[in-house]
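Have a look at the structure that comes next, please.
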Amino acid sequence: MKLQFNQDDEIFRREIASWLEENLSGEFAPLKFRGGPGDEHMFPEERKRWEQRLAEGGWTCVGWPKQYGGRGLTIEQQVIFYEEYARAGAPGRMGHIGDGLAGPTIIAFGSDEQKARYLPGILSGREFWCQGYSEPGAGSDLANVKTKARFDEAAGKWLISGQKVWTSLAHESDYCFVIARTDPDSQAHKGLGFFLVKMDQPGITVRPIEQITGTSEFNEVFFDDAECGAEDIVGAPGDGWKVAMGLLGYERGVSTLGQQMAFQNEFDEVVALARDNGAAKQPAIRQRIAQAHIGLKLMRYNSMRMLSGDKGDGSLQREALIYKLYWATWHRELGELAMDILGPEADILAAPPYELNRLQSLFLFTRSDTIYGGTNEIQRNIIAERGLGMPREKRW
Amino acid sequence: MKLQFNQDDEIFRREIASWLEENLSGEFAPLKFRGGPGDEHMFPEERKRWEQRLAEGGWTCVGWPKQYGGRGLTIEQQVIFYEEYARAGAPGRMGHIGDGLAGPTIIAFGSDEQKARYLPGILSGREFWCQGYSEPGAGSDLANVKTKARFDEAAGKWLISGQKVWTSLAHESDYCFVIARTDPDSQAHKGLGFFLVKMDQPGITVRPIEQITGTSEFNEVFFDDAECGAEDIVGAPGDGWKVAMGLLGYERGVSTLGQQMAFQNEFDEVVALARDNGAAKQPAIRQRIAQAHIGLKLMRYNSMRMLSGDKGDGSLQREALIYKLYWATWHRELGELAMDILGPEADILAAPPYELNRLQSLFLFTRSDTIYGGTNEIQRNIIAERGLGMPREKRW
Amino acid sequence: MDFAFTDEQQMIRDSAETFLKATSTSAAVRAAMSTELGYDAELWQRLCGELYWQAIHIPETYGGLGLSYVEVVALFEQMGRFLLCAPYFSTVALATNALLCAGSEAQKADYLGRICAGSTATLAFTRSRDWSVEGVSADFQRRGDEVVLNGEYRYVIDGHSAEFLILAAREQGCDQPSGIRLFVVTAEQAGLERQVLPTMDQTRRQANISLNNLCVPASAELEHGDWQALEKTLQLATIALAAEQAGAMQQLLDMTVAYTQERHQFNRPIASFQAIKHKAADMMLRSEVARSAIYYAACTADTALGDGNAFGADLAEAASIAKSWCSESCFSNAAEALQMHGGVGFTWEYDVHLYFKRAKASEHLLGDSSWHRENIAAMLLD
Amino acid sequence: MDFAFTDEQQMIRDSAETFLKATSTSAAVRAAMSTELGYDAELWQRLCGELYWQAIHIPETYGGLGLSYVEVVALFEQMGRFLLCAPYFSTVALATNALLCAGSEAQKADYLGRICAGSTATLAFTRSRDWSVEGVSADFQRRGDEVVLNGEYRYVIDGHSAEFLILAAREQGCDQPSGIRLFVVTAEQAGLERQVLPTMDQTRRQANISLNNLCVPASAELEHGDWQALEKTLQLATIALAAEQAGAMQQLLDMTVAYTQERHQFNRPIASFQAIKHKAADMMLRSEVARSAIYYAACTADTALGDGNAFGADLAEAASIAKSWCSESCFSNAAEALQMHGGVGFTWEYDVHLYFKRAKASEHLLGDSSWHRENIAAMLLD
C-alpha cells in the first residue's frame, strides 16, 4: 500500500497541466469553470470546439486502448488527467458520454463495424452522445423499461417507440444509446436491447425539462418509430441488460476523481466565502466546513481504494457500491452548507429575473444528485441486497 | 387557547407539594429520585411501603372516578399531581401499572365482581401489578401473540401457557394482566382474551433478564398451565384486542407530564454537570443542551395539546400518535448528551465492580426506550399507516 | 389551562383555509411571483376589505378586530401552507407589532388606523446577517425639531412596495443598545431610496433601503421605540414566521403523501415502501411538534402583548423555541418532499420547489436554528 | 500509487483474523474482562511469543519485525473487530510510538528491546478531558543528576498493569509547549501510585497514576521527548484507535445482518424490511469509508515514521480525519446494531452491548469527533 505517484506520473502531471494552461486561453478562456452540473446548458458551441481542441492535443478518450485510437493511459495517469483537468477549471466535457460511456461500451461489446463507425467521431470531438436510460414510469429501474424496439423486416431496421427522461444535452447530441425492450412480452431484465440511435430524425422529439433552477439541461426524449439500423444494436437482442451493467461500471471509473476535483473547486469557493463574510468564525459553521473537507478527502481515499482494486476481503465491490450514495449526499450537503454560510444573502439572486449565482445553482442543482442515476433509496436497496445479501423487495 | 392554570388548581398544587415535602422524609427520604427507569429494581420493599403512605394521603389512583374510590381529579389537577410528584423527586411508582393501566382497564371493561375484587388492593397500595404483553417472537406485535388460554371445563378455569417478556417487576408483583389467545385457530387481532392472573402459583416462573446495565428489572415470565379463574377474564373471550387498545390510550395519558418532569430532573442534572466541568463553554455542547431543552419544552406543549383534546383538524390522534417516537428518541439523545458532556469521564464507573452513576444508567437504560412498547420502526409504521393512511406492510 | 382553539378561533382558521385554498392556488402564486410588485393587489384588497385580516390583532380602539395572537398565528399557518403572496407578514408581523410595542396612543391611532384602512407597511432594521442589537447600523442625529437619518437596510420584507416604514437607527456615536430608536416614515420621500432585490424564493419580496440624510419631524420617533420594543417586535414576528413554516410543513406532508400514493414503481405505489413511509412519519412528527410550538408561542405572545411591560424571557424563549424547531423542520420536510417526489420534484412545473425555496429563505430570516439555539443556551448556561 | 494491501499485508491481516476469531471469542472476552488484570496473560504471551505482534513496526535494528504502519493498522482493525482484551494498544500504539518518536538510539535499543521481549508499557500524559498541549499538567524539576516529578494522570490505558511507563510532564513554572518533556520509568517504584478505574467498557482498562516526588535519573528523560514528539505519538495512536473502531464497525454490521436474517417478525425475516435494509446500508457505507480513512492514515503514518523530522500537517490531518469519521460512525453502527437487535440487544447476554460501550468509550479517548473537526477547521480557516 503506497500513496505516492511515481516519477513518470509526476512528469505526466506537469505535461497535462501545462497543456491546459496554454490552451485554456483566448477563445476558450471564458469557458473556465463553466459547463459543470447545473451549468451544462451554457456555451454548448464553444465547448464543442473545445472538444476538438482537446482531440488535437490527444486528450480525448485518454483511457481507451491505443488500438482504438485512445491514449492508453494507466489508471494513475487517468487519475492525474482528470484531476488536472478539473483543477485547471477546464469546462464540463460535452464529450463525456461518448468518451466515458458510449465508447467503452462499444469497445467492450460492439461489432468491428460499430467500432469503425462510431469511435472516430468520439475521438475527434466531433460527434456527441447522450444516454437513453431512465423512463418516466420506471425511474432508474431498468427492469421496468417500457420503450419498445421492433424489427421491421421489410425495411431491415429497428423501430423504437417510447419515452426517455432526464437525458442531459439531448438537444446537443448526435447520437443516443437507448435501452429498449426487443421482446414485447419480456419482463424485468430479459428481452432488452442496447441501441445506437441517430438523434436527427423525424421519429425523435426532444423536449427540455424546466428545472428548479429555471434552466434546462435535462430533457424528455420521445421516440415515435425512431429508426435504428439492424447493424446498430450492441450485442444481440436480449443482451441489453448485460451491456448496460457493464456500462454502469464505467460510470464509477477514474472520472470520479475528476468529479472530486470539481467538488474541490466548489468547496474552495465555499471556504473563501466563509472567510470573507465572517461565517468562518461561527463554531457550527466551522464544524460543517471541516466535515465537508473530511468528507471530500474520504471520497478521494475511497476512490483510490476502488481504483487500486483492493480485493482484500472482497471489498472492491463493496466500496464501489456505496460510492453513488456517498458522493451524492456529500454534494447535496455542500450546497446546503453554502447557503447557510450565505445566511439571508442566500436568497438574493445574482441578477433579475432569475439568474442564480454559482452557489445557489450548486444548492438547487445538487438536489438532483440524490435522485437521478438511482435515488438514495434505490442505492440503499442495492447496497443491502447486493452488498449485504439481504432479501430483495417484493413486487406486489 | 390559554396556558394558565386557574386559581383552584394553583391551590391544589400547593396542597400536593406540601404533602410530598412533609411525607418524603424520615424512612422515605432515601427514596428521593430513586426507582425510576433504570433504577426500578431498587428499594422495592420501601417503595411498596411508600405506596401505602400515598394511599393514606389519598394520593393513589388520583384520576379514577370517585365512585371507584379514586380522587376524581380533573385533567389539570392530574397534570399538576404528576408534575409535583416528579418535581419533588418522589420515587418511581411501584403501583404504576395497577393505578395507571390495570385499574382503568378494569373500570372501563371489567365486571362488577372484578372491580370489587381488584380495585381496593390497588387503591390501598397493597397489591401490585405487572403486564404480560410482549412475547419473544412477537415483539410488540399483539397480533402475533402466541400465548394460549384454554378453558378447562372440568376445573372451571382458564389454563394459560406461553411466554411473556420485558415484564417490569414481575417478581415484585401480585397480579399480571395477560393477553392470550383464547381461540387457538385464530389469527391476528381476533380470538384474544385479556386475563387477570395471580402471580404466586406453580404455573408461573419469573426469570430476570440481565440487562446492558448489569442489573435486572425486566423479566421473562413463563406460563405453564397457569390458572386463571373463569371470572377473571376481562370482557368476553375474543375481546382482548379491544380491551388492550383501550389500555394503550391510558399509557399516553396525563402521566406523560409526570414523566416529563422526571426528564426535567435528569436534564437539570446534565446542565449542572456541563456547568461544573466546563463543557457548557463548548459551542457544540451548548447547541445540544439547547436542543434538549427545546425538545423537552416541546414535549410538554405537545402533551398539553394532547390533553386539551385539540380536535381542530382531527389532530388529537395525530399528536398522540407521534408521542412515543418523540419522547423515546429525545430521552435516548439526552443519555448520549450526558456522556458527551462527561467526555472521557463517561467511561469511569461510580464504583467497582459495575456500579453505574445516574447518567451512565440513563445512557444505557434509554437504549430500551426506542425498543420496548413498539420500536421506533414500528412507531413509524403506525404513524404512516394510521396517521397518514399509507399502505400497510405486507406479510410474506 | 386549555390548549386548544376556541370555537371562534377554529372558525377563523377554517375560513382562512377555505379562502386561501380557493385564492392562493398554484396558478395564482405563480402569477403573483412573476410580477414586480410580488403580489396581487386585488387579492390584498379582498383580504383587507372583506376579511379584515390586516386588523386582526389591532385593538378595537384603533379600529381593529381586537383578537388575540392565537388568531394571528392561525392565519399565518394557513398563509404559509398556501404560500400566499401578500404584504401581510411585513404589515402585520413587522409593522403592526412594532407600532403596538412602541407607538404612543396618537401614533397607534394614526398608523394602526392606516393599516386597518389597507395601507401596507414594513420594518427595516439590519443591513447584515446579524439579527441582534449589533445588526442595527443606520444612525440618526437630532437637529432641532427634525431628525436626520443615514444608513442602509437589507432584507427588508416588501420594502419596495410598503406605503410606510418603521426604521430602526442608533444615535450617532452611541454603540449601546440604549441608543437605538424607532421612527415611522412614509416611503415616498427624498432621502429614502429603495431597490427590490431579486430573490430565489419568489413568493416573498425583499428590498434594499438607503437613507441619505433623510429628514423627518421629531414626531416620527415612536414614543416607546427603544431596543426592547424592537426586540419584542422581532420576537413576535419570529413567531409568525414559524407559524408560516408550520403551515408549509403540513402542506408538504400532504402533497407528498398524495404523490406517493399515486406514483408507482416496481409495480407498487411508492407509498408502500417502508423507507417512504418512515420518512413521511418523520415529516408528520416534525409537523405536529411544530404546531405545538407555534400555538404555545402564540399564547405567550398574547400575554406579552397584553402586558405593555412584559419584556420577559418567556416571549424570547418561546420565539426561539418555535423558530429553531420550525426552521430546520420546515427545510427537512421540504427536502424530503422533493426527494420523495423524485425527478418531478426537481422540475419547475411541480410546486415542491416553491416550498423548498421558501423554506430555505425563511430559515435564514430573523435568525436560523443555531442562532436561536445559542439564544436558549445563553439563557440556560450563562 | 497502489492503495491496496500487498500480498504480505493481506496475509498478516488474514492470519490475524483467523487467530483472533479463534482466541478472542465472546467467552474469552467475557472471561478477561471480569479479571482485575483485564486480559488473559497467557494469550498475551502467545501474541508476543508466537506471533510477535508487539514488535510489528519496531525496526529490525531493535529486534522488531520492521514492518510498516499499514500492518499495524491491519492488526488493530482485527483487534477492534474481535474486541481483543490485551495491553496491545498501550504497548504498541502509545509506548512504542513514543519511543520511536522520542527515544535516543540507546533508549530505543533498551526499551523497544524490552517490548520485543514481551514487556508491557503505556503512556500517561493528561489528567483532564483535554487532549491538547494544555492537558499536560504534571510537572518536573531537574535536581542535579535527578529529575523529580509530581502530578496526576487520568485515563491511562492499562496504567494499572504496564511494566513501564512514558510520562509527560512540564518543567515547573513553564506553561509553554516547549517546557514539555517525556520520561520513561518502570512502574514499580516509590513515588508512583496507580489505581485501576472501574470502567463502563470493561474490555479496556484505565487507571489513575499519581506522582509524589517521583525521583528518576536524568537518563530517564527521552532524548527527543518534546511536545512535538508527544503530539506525533498521539496522532499515531489516534490512527490505531480509529482502526479498532473501523474493525468494530464491520463486526457490528456483520452481526446485525446475520441477526436480522434469522429473526422473524410479522412472518418475515426482519432483514426484509426496507427500514432495516437501509440502516444496514448506511452502516456499510460508514464502515467502508472508515476503512478508506484508516488505510490512508496508515500510509501517511508510515511516511511520518520513516522520516524522523516529519512533524508536518499531513499526519495531523490524516489522524483527525480518521478519528472524527470513525468515532461517530462506530458509535452510530453500534447504536443501530443495538436498535436492530431489539430487546436482545439490550441484554447482557448478547455481545452487542460490549461493542456499544467500547464505541462510546473510544469515542472520547484522544479527542471526540467535534474536537478533531475543530482541528481540521483551524487548519483550513485560521
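Order of writing sets the chain letters: A, B, C and D. Residues in each chain are counted from 1.
Quick note on the criterion: contacts are C-beta pairs under 8 Å (C-beta built on N, C-alpha and C of every residue); 3 or more make two chains touch, one makes a residue touch a chain.
To keep track of the chains, here are their UniProt names: A, B = Acyl-CoA dehydrogenase; C, D = Acyl-CoA/acyl-ACP dehydrogenase.
What you see is a predicted model, and the numbers here were worked out from it, not measured in a lab.
**Q** Does A-D or B-D have more contacting C-beta pairs?
**A** Contact tally favours A-D.
**Q** Let me check something: if the centre of a chain is the mean of its CA atoms, which chain is farthest from chain C?
**A** D
**Q** When the C-alpha atoms of chain A and chain C are each averaged to a single point, how far apart are the two points in Å?
**A** Result: the chain centres lie 41 Å from each other.
**Q** Take the average of all CA coordinates in chain A, do the same for chain B, and state the distance between these two points in whole angstrom.
**A** 54
**Q** What positions in chain D touch 2 or more of the other chains?
**A** Residue numbers touching two or more other chains: 268, 272-276, 278, 370.
**Q** Which positions in chain A are in touch with at least two other chains?
**A** Touching at least two other chains: 283-284, 287, 377, 380, 393-394, 396.
**Q** Along chain A, where are the residues that touch chain C in the complex?
**A** For this pair, the touching residues of chain A are 134, 136-139, 141, 144, 165-166, 209-212, 214, 277, 282, 284, 339-340, 342-349, 351-356, 360, 363-364, 367-368, 370-372, 375-377, 380, 393, 395-396.
**Q** Could you please specify the touching residues of chain D with respect to chain B in the complex?
**A** 129, 154-155, 197-202, 206, 264-268, 272-273, 275-276, 335, 338-339, 342-343, 345-349, 353, 356, 360-361, 364-365, 368, 370
**Q** Taking the complex as given, what residues does chain D use to touch chain A?
**A** Chain D residues touching chain A: 1-6, 9-10, 13, 68, 70, 253, 257, 260-261, 268-269, 271-272, 274, 276-278, 280-282, 284-285, 288-289, 291-293, 295-296, 298-300, 303, 317, 320-321, 324-325, 370, 373-377, 380-381.
**Q** Taking the complex as given, what residues does chain A use to touch chain B?
**A** 283-284, 287, 394, 396
**Q** In their complex, what parts of chain D are in touch with chain C?
**A** Contact set of chain D toward chain C: 273-275, 278.
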